[in-house]
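Each in C-alpha cells, the structures are laid out below.
Next, two complexes with chain A in common: one pairs it with chain B, the other with chain C.
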Partner chain A sequence: MKAIIQKQQLLDAIVMVQKAVMQKATLPILEGIYLEAGEQLTLVGNCFDLGIACTADADIREKGAIVIQARMFGEIIRRLPDALISIETANGKVKIECMNTVFDIKGMDAESYPLPPAYQEDTVVTLSQGTFREMIHQTLFAVSQDDNRRIMTGILLETKDGGMSLVALDGFRMAVSRMLLKQNDAMRVVIPGRNMSEILKILNNSEEEVRIVKTGSMVAFEMKNCRIVSKTIDGEFMNYHGYIPTQYETVVVLNRREFEDSLERASLISSDDRRYPVRLHVTGDQMIVFSTAEMGSSKENIGVRNEGGDLQIGFNPKFLIDALKVIPDDNIKLSFNSQIGPAIINPIEGERYLFLILPVRIKA
Partner chain B sequence: MVRERTVFHVDVNSAYLSWEAVWRLQHGSTLDLRTIPSVVGGDAESRHGIVLTKSIPAKKFGIQTGEVLWQARQKCPNLVVVPPNYSLYMMCHQALLDLLHDFSPNVQVFSIDEAFIEYTGSESVQGDAVAAAYRLKDRIRNELGFTVNVGVGPNKLLAKMAGEFSKPDKVHTCWPEEIASKMWPLPVGELFGVGRATTPKLQRLNIMTIGDLANAPDEMLARHLKSYGALLKASAQGQEFSDVGPDFRPPMKGIGNSSTIPFDCDTLQEAKLVLLSLTEMVCMRLRQTGLCARLVSVSIRNSSMNGRGHQHRMDAATDNTFRIYETACRLFGEMWQGPSEKIRNFGVRVSDLSLADFMQMSILQPYDERKKRLDDTLDRIRFRYGTQSVQRAAFLASGIAPVMGGVPEENFPVMSNIV
Partner chain C sequence: MGKIIILDEQTANQIAAGEVVEGPASVAKELVENAVDAGASQVQVEIRNGGVKLIRVTDNGSGMERDDVELAFERHATSKIRKITDLNDIRSMGFRGEALASIASVSRLEMITRTSEEIAGVKVAIEGGHILSVEETGCPAGTTFLVRDLFFNTPARYKFLKKDVTEGARVADVMERLALAHPDVSIQLRSNGEIVMHTPGNGDLASTVYSLYGKETAGSLLKLSHIHEGIAVSGFVGRPSIARGNRGRQTVLMNGRFIQNRSVTAALDEAFKTLLMTRQFAFAVLVLDIPPMRVDVNVHPAKLEVRFSEEGAVFSAVHGAVRNALMAGSLAGLLAPVETLEAGKPPLAPFAVRIPVDGEAEQQHYVPPLTALPPDAGKSIASGGTRPEDKHRVEPEQTESCTDGLPGKGEAYVETSADKPLRTAEPQPRIRVATHNDFPDTSVRHPSFLEMRIVGQVFDAYLVLQHLDEMLLLDQHAAHERIRFEDLKWSLASGMTNSQQLMQPIRLEMSAMEYDQAVQSFEDLHRIGFELETFGRDTILVRAIPTTFDGGLTGPELASILSDWPRESNRRQEGISEELLHRISCKGAIKANRMMGGEEIRALLERLSNLENPYTCVHGRPILLRFPRRELEKRFKRIV
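So, the complex of A and B:
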C-alpha cells in the first residue's frame, strides 16, 4: 500500500483508535493498529470489548493493508513535523517518510488481524452527538467500579415512550438522563462504563448525528469518520423505576451553584476516609449545611423555597457534589422523604435528569 | 533518685486462669485454681481445644500455651480444664485499667492483660517509682484478687523485659546500668521482637543471648536481617523511644471467630448452625465496638485438614447478624463439596470496617430498623445475663452452642508497634 496524508489528520485518527488497543496483549498483533488504504485511509484498533475504526482523507497511491505496533506508530507520527506524511509498505516493512525523515519499521500481517465483525442492524437510534455526549457525562460518574456486580459497571441505554434514557447506579446513588426522541426503535442495552468514557472522548459537541445500532451482543456507534463497536453486558439491569419514590414529604427549590459551593466548603473538614457525613437541616425557607468531624465543624445557611415539612438528613457530600456538577440548570428541586430514604434531584420543570442519592444514617 | 523517664509495664500473671480463679473464689469455691495444675482452654469436651493459659503448677508438668488439650492431659492426668469466659475477662480488664489510672493519667492498653504506664512526672505526686510499683502490685492483689508483674524501666521495651524476669507477683527493674547484668544473659528469643522466625536465624549466626545480639557486628546483622537487624540490636542495647499513648492499639482491621467443632459436620443444616453461632459472636463484638463491616470471609477445614476460604463484599456495610450470616452461608455453599466432605473447622471473619454512627444507606440492601432493634435487644439481654441466656430456637436440641467463640484477641493485637 501507499498513502499520503496530512500529519495532524493521521495523528487525530491514531489517537482515536488507540483507545481500543491493548497496552499489553498476549499476541503482539493485538498491540497494533490496523491500517488499510482503500478509497480512504482506515485505521482500526480492537481489544474485543471495544473496537474503533476511523477513516481519514488521504491520497491513496496503492491499495493494501498492514498492522503497525500502536505505541511506536503513535510516537513517531506525534514527533514528525507538521507536513505531509507518506506511508508505504514493502516486504512486511512500513516506510514512513516526512520531509527529510525516513522510518523503516517492521509491520505485521494484516490478514491475521481480528477486525471487529460486520454486523446486522437489529435496532437503530439516531441523535445528535452533543446531546449524547451530555447524557453520558451526566451518568458516567454513577457507574459502579465493583466488578462483583458486572451489570452495574455499565450504563443502561433504553428507548421507551418516545424518549431515550441513560441510567447508571452504583448501589448508593443513581443517575438518569433523558431526552425526547421522535421515531426510534425500542432498544435496551447495557454498555460497559469504561467504553462509555472512551466514547465520550470521541463524541464532539455538535449537532452532527450519531447512529446507535444494536446487533446481537454488540452495540455500534456510527459517526461521520468513526465507528465504535462495544460489547454489551449480559444480564438484567435493575428495575430502577422501583427505586424512585412517587411522593415526597419535603421538597425544596434552591440554587445549584450555591448548594454545590456550600457542600464543597463543608466537606473540607469532614475527611473522606472516616466517612463523616455532611448534614442538611431544612427548616422553613432555610437549609443549614453543617458538618462535624474530628478537626472541627462548619455551618452555613442557604435560602431555599420549601414546599414541604422540615427535615434533618446526612449525606456523603461527594455523592451530592458529583450530581450537582453535571447539572446545567441554575435552580434545582431537591426532594426527600425521611432520614433513611433517598434524596432526589430533579429539574424544576421536565424530566431531563434525575439523581437519586442514598443518605448516611446518623445514629442518634 | 528521679530518672529522666520512667515507664511501668503491668502484666497479669496467667491472666485468664487467675481471673477465673478469683471469680470462682468470690462465688464460693474453696479451691484456688492457681494452686493446682489447671488450664483455661477450649471446650473441655471437645477434641481439639487448646491451652490458652496455664497455672504455675501446670507449667511444672511442661504444659505449654497453645498446646492441644489431650497432649496436656497426657503430661498431667489430673489437669483441671476450665472453659474461657470472655465477658469476665473484659470486666477484669476494665477493673485493672481503672486502678492503673490512679497512678498516672497516661495508660496504654497493650493487650487484654498488659498495659504500659508513663510514670515520668508522677514522682512528685506518687513518690519513688519502685516504691509506687510495689504499691500498685499490692493494691491489685488486695483489691482485685489477682497478681501482676510490674516491670520498671526507662522506656517501654526495658519495662516490658523487666516484667518478664520472674513471676508471679513481682516488681523488677531494668535500668540502663542493669541491662548487661539482667537482660544480656537471657536467651535471644526472650527479646521483644525476636520470634519464632528470627530466633533460628540469629542462632545460626552464633547469637545465643541478648548480650550476643547487643554486641554483634552491624554489618553481619544487616547482611542477614536487613534493616531489622539494626532495630533488633538497638533493642538488645535497651534503646527504644516510643511514647506511652492513651491507646496505641492499631486501628482494628477486622473481627474474626473460628472454632474446631467436636464432631465432623456433613450436613448443610449443621454447618449453617455453626456459622450462625460463630457469626453471633462476631456481630456482637462488631456492634459493641460501634463498627459496621462490608467484607465477609468464611474459611473451612475438612477432615483431611485441607482448608480454604471465600470472601464477599456486601453492597453496604452492616452490623446485622442475619445479613452477615446469610452472606456466610452463601460463601460456605460456594466452597463446600457436599456431604462427602466432612468439615471440622469453621471460621467467620468480617473486615472493611466503618463507623456505625454514620451508616451509608444502599439502594440494593435496604436498611431494616426492626432487625437492628432485634440485634440491640439481644445484645442487651446477653450482656446482662450472659450469652447463653437467650438463644435462637434453631439451636434447640442441636448439640451446637448458640454462641461460639471466645476472647476477642483482635481487640488487643499483642503486636502493637512498640519498637
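So, the complex of A and C:
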C-alpha cells in the first residue's frame, strides 16, 4: 500500500482509534492499529469490547493493508513536522516519510488482524452528536464502578413513547436523560460505561448525526468519519421507572448554582474519603445547608420556593453535586417524601432529565 | 551477733508451704536470688549436665556470719522478715526461709562463706539435709554454693528430670529473666565450662537485653514509661518484627521479681492486637513498680505467681504503657527506626503533666523520652487528647494519651466540651450541630507516606514505593483493609454511623441456620450503620449501608460475613464484635489482583498517612515491607 496524508488528519485518526487498542495484550497484533488504503485511508483499533474505525482523506497511490504497533506509530506521527506524510509498505515493513525524515519500521500481517465483524442492522436510532453527547455527560457519573453487578456498570439506552432515554444507576442514585425522537425503532441496550466515556470523547458538539445501530450483542455508533462498535451488557436492567415516586410531600424550587456552590463550600471542611453527610433543613421558604466534618462545621441559608411541607434530610453531598454539575438550567425542582425516601431533581418544566438520590439517615 | 531467727509458728504457717525445688532451674533461681538479696554485684553460675550433676553459684555479697551458717539451712530460717505484717512490704527476693533447707535436703551441698568483717570463712557440707561438717576455711568474701547430685536421695523425683539439655535450657531461661530483673547485677552462666551468658551489670536494662538477645532485638525496642493509678510501668517492648511463636521472650518483672500474671500478659496481647498475627507473641520486658501492699507474692511455691489487689488497674497500666510506646514508635516512623540504645545522649527526663479529664480522676501522664519522637510528631499526637473516642471508649486505659502533655500543647486540649452550638445567639435548629471537638484530628500522623515516590505496581497486588534510602513494597489489600477498619472504628467512636439508603434493598438469601446466626448480629450491624430487615424465614433485606463504605460490599460478601463467623470470639471494640469489624473491613477492601492507577495509589497513601496504625493489617500481617538500599547493594554484591 501507499498513501499520502496530512499529518494532523492522521494523528487525529490515530488518537481516536487508540482508545480501543489494548495497552498490553498477549498477542502483539492486538497492540496494533490496522491501516487500510482503500478509497480512503481507514484506521482500526479493536479490543473486542470496543472497536473503533476511522476514515481519513488520503491520496491513495496503492491499495493494501498493514498493522503497526499503536504506541510507536502514534509517537512517531506526533513528532513529525506538520506536513504531508507518506506511508508505504514493502515486504512486511512500513516506510513513513515526512519531509526529510524517514522511518522504516516493522509491520504486522493485516490478514491476521481481528477486525470488528460486519453487522446487520436490527434497529436504528438517529440523533445529533451534540445531543447524544450531552445525554451521556448527564448520566455517565452515576454508572456503578462495582464489577460485581455488571448490569449497573452500563448505561441503558432505551427508546420508548416517542423519546430516547439514557439511564445509569449505582444503587444509591440514578441519572436519567431524555430527548424527543420523531422517528424511531424500539431499542433497549445496556452499553458499558467505560465504552460510553470513550464514545463521549469522540462525539463532537454539533448537529452532525450519529446513527445508533443495534445488532445482536453489539451496538454500533456511526458518524461521518468514524464508526464505533461496542459490546452490550447482557442481563435485565432494573425497571427504573419503579424507583421514581409519583407524588411528593416537599417540593422546592431553587437556584441550581447557589445550591451547588453551597454544597461545594460545605464539602470544603471534610476530606473526600470520610463521607460526611450534609444536612438539608427545609423550613418555609428557606433551606439550610449544614455540614459538620473533621475541620469544623458550616451552615448556610438558601432562599427557595417551598411548595410543600418542612423537612430535614441528609445526603452524601457528592451525590447531589455530581447531579447539579451536569444540569444546564438555572433553576431546578427538588422533591422529597421522607427522610429515607429518595430525593428527585427535575427541570421546572419538562422531563429532559431526572436525578434520583437516596438520602443518608443521620444518627444522633 | 547473728541475724537469723526462727519465725513464730503462726507466721510460718501463713507462709505458703510448697515444693520449692522442682529441678536444677529452681535451685539456681533460689541461689541467685539469695545472692542478690545478699547485695552481690557479681554472680557466677556454673552448671554441669544441665545442673543435675552440679550447680555452683558464687557471689560477692555480704556472706554469712558464723552463727548464721547452720541456722540458714533450717526450715523457716530467714533474715529477711520477722513477722507476718512484714509480708505486706516484701522488697527482698526471699522471705520464707525455706529455699536452702529444701535444697539441702535433696542434694549433696557444700557452702563456703565469709563476711568482709571476718578473717576466716566457714565451709559447711550437708548431704540429704544432714550436716556432715562445719569447718573454718580461707576464702574470698561472699558465698559459694555447690549443689551436687540433685535428687540423689529421692529417686522418684530424679526420674522426673528431663534430658540434661532441657534442664540446662531451663536454667538458662531462669537466668535470663533474673538478669533482666537485676540489671545492676552482673550475672554469668557457664554450662559445661562454656560461657552461655554474661550480663554487664551496669544497671542499664537495654544493655542487659543486648547482652542476652543480641543486636537485632536491642535495635527493635520501644521504651515504656507510664504511670497509672500509682502503678509505674517501664522496660521495653519489641517492635512487631521481632515477635516470636511463644512467650519465651516475655518477661514480667514486678518489684525486682519476675512473675507470671494473666492480667499482665492479657494487657500486653491486647495492646499488640492487630499488630501481630495470631500465635505470635511480642518481645517484652515489663518492669512494674507496684506498692508492695497492693500485691500478694505469697501464692505460689516458687513465688512465680502473684495476686494483685486491683487486677484492673494493672491491666490498664500495662496496656496504656505498651499502647503509648507503640504509638510513639510508629510516629517516629517504623520507617525510620527509633534508636533506643543511643549511647552517650541522655534522654530528656520524662515529665509528668496532670490533665483533668471530664468527670475522671486526675491522672498522671508520662511522656516517653522525647528523643524518640520526630520534631513534628508532637503536633499530630498531641491532639489525640481530644479525639472523641476518648470520651466514648469503654476501657479506662484508653482515656489516656501519653503525649497530652507535650510542651506548649497541653493547655489547648484541656477543654473537651462538645455539643456547643457554633453561635449561641442564633435560634438553634433542631438539628444537632457538633463543634469540631466532636471530630478526630485527621492531621498527618505518618508523613513519610506522603513523601513516598510511587514506582509502580507488581502482580496487581503490591505497590512499589521509594522513600529516602529504602524501597518499600505495600500490600494494597492489607492497606485498604486497615483503612476500612479504622474508618469503621472511628465512625463508631464518633457516632458518625450514618446510613446510606439504597435504591433497592440487597436481598440475602440464606439457610435457616445461617439466617438464625445472622439475626443475632443485627444489633451490631445496626450500630455500624446497616439497616436490615427480615423477610420471611430465610431472607434478609439490607436497606441501608454505612456511609463509610463506598458501596464496596456486595450481597454475597455480606451474606458470607453474616452467616459463617465464629460467634464465640467475644472480643469487642467500641461495643461491636471485633471479628465482625474485621470481616467487614476485609470483605469490601480492594482486592489483590486489581490494577491501581497513580491517582488511586496516591489517595491510598494519603489515607494511610493519617491512620493510627498503617503498618499492619487487622490480622496482624504486615502492610509494608522495607528493603534498605544497603540491603540491595549487599545482594547485588556491590558492597560486602
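Everything that follows uses one rule, which is that the second predicted complex is superposed on the first by the 363 of 364 C-alpha atoms of A that agree within 3 Å, B and C clash if a C-alpha of one lies under 4 Å from a C-alpha of the other, contacts with A are read in each partner's own complex, and residues count from 1 in each chain.
Methods note: a contact is a pair of C-beta atoms (placed from the backbone, for glycine too) under 8 Å apart; a residue touches a chain by one contact, two chains touch by 3 or more.
Here the structure is a predicted model, which is why all the values come from computation and not from measurement.
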Overlay on chain A: chain C relative to chain B, clash or fit: clash
Partner chain(s) touched by A:93 [first = chain B, second = chain C, both, neither]: neither
Contacts of A:172 with chain B and chain C, given as first, second, both or neither: both
Greater residue coverage of chain A in the superposed arrangement, chain B or chain C: C
Contacts of A:243 with chain B and chain C, given as first, second, both or neither: both
Partner chain(s) touched by A:160 [first = chain B, second = chain C, both, neither]: neither
Partner chain in contact with A:305 - chain B first, chain C second, else both or neither: neither
Partner chain(s) touched by A:63 [first = chain B, second = chain C, both, neither]: neither
Shared contact residues on chain A - chain B and chain C: 146, 148, 169, 171-174, 238, 243, 274-277, 314, 316, 340, 342, 356, 358-363
Touch list for chain C against partner chain A, complex: 422, 429-436, 438-442, 487, 490, 495-504, 529, 531, 544, 547-548, 550-552, 554, 556, 603, 607
Residue ranges of chain B touching chain A (in the complex, touch as defined): 312-313, 315-316, 354-365, 367, 369
Sites on chain A touched by chain C in the complex: 144-146, 148-149, 169-174, 238, 243, 271-277, 279, 281, 283, 288, 290, 292-297, 299, 312, 314, 316, 340, 342, 356, 358-364
Interface residues, chain A side, partner chain B - complex: 146, 148, 169, 171-174, 238, 243, 274-277, 314, 316, 340, 342, 356, 358-363
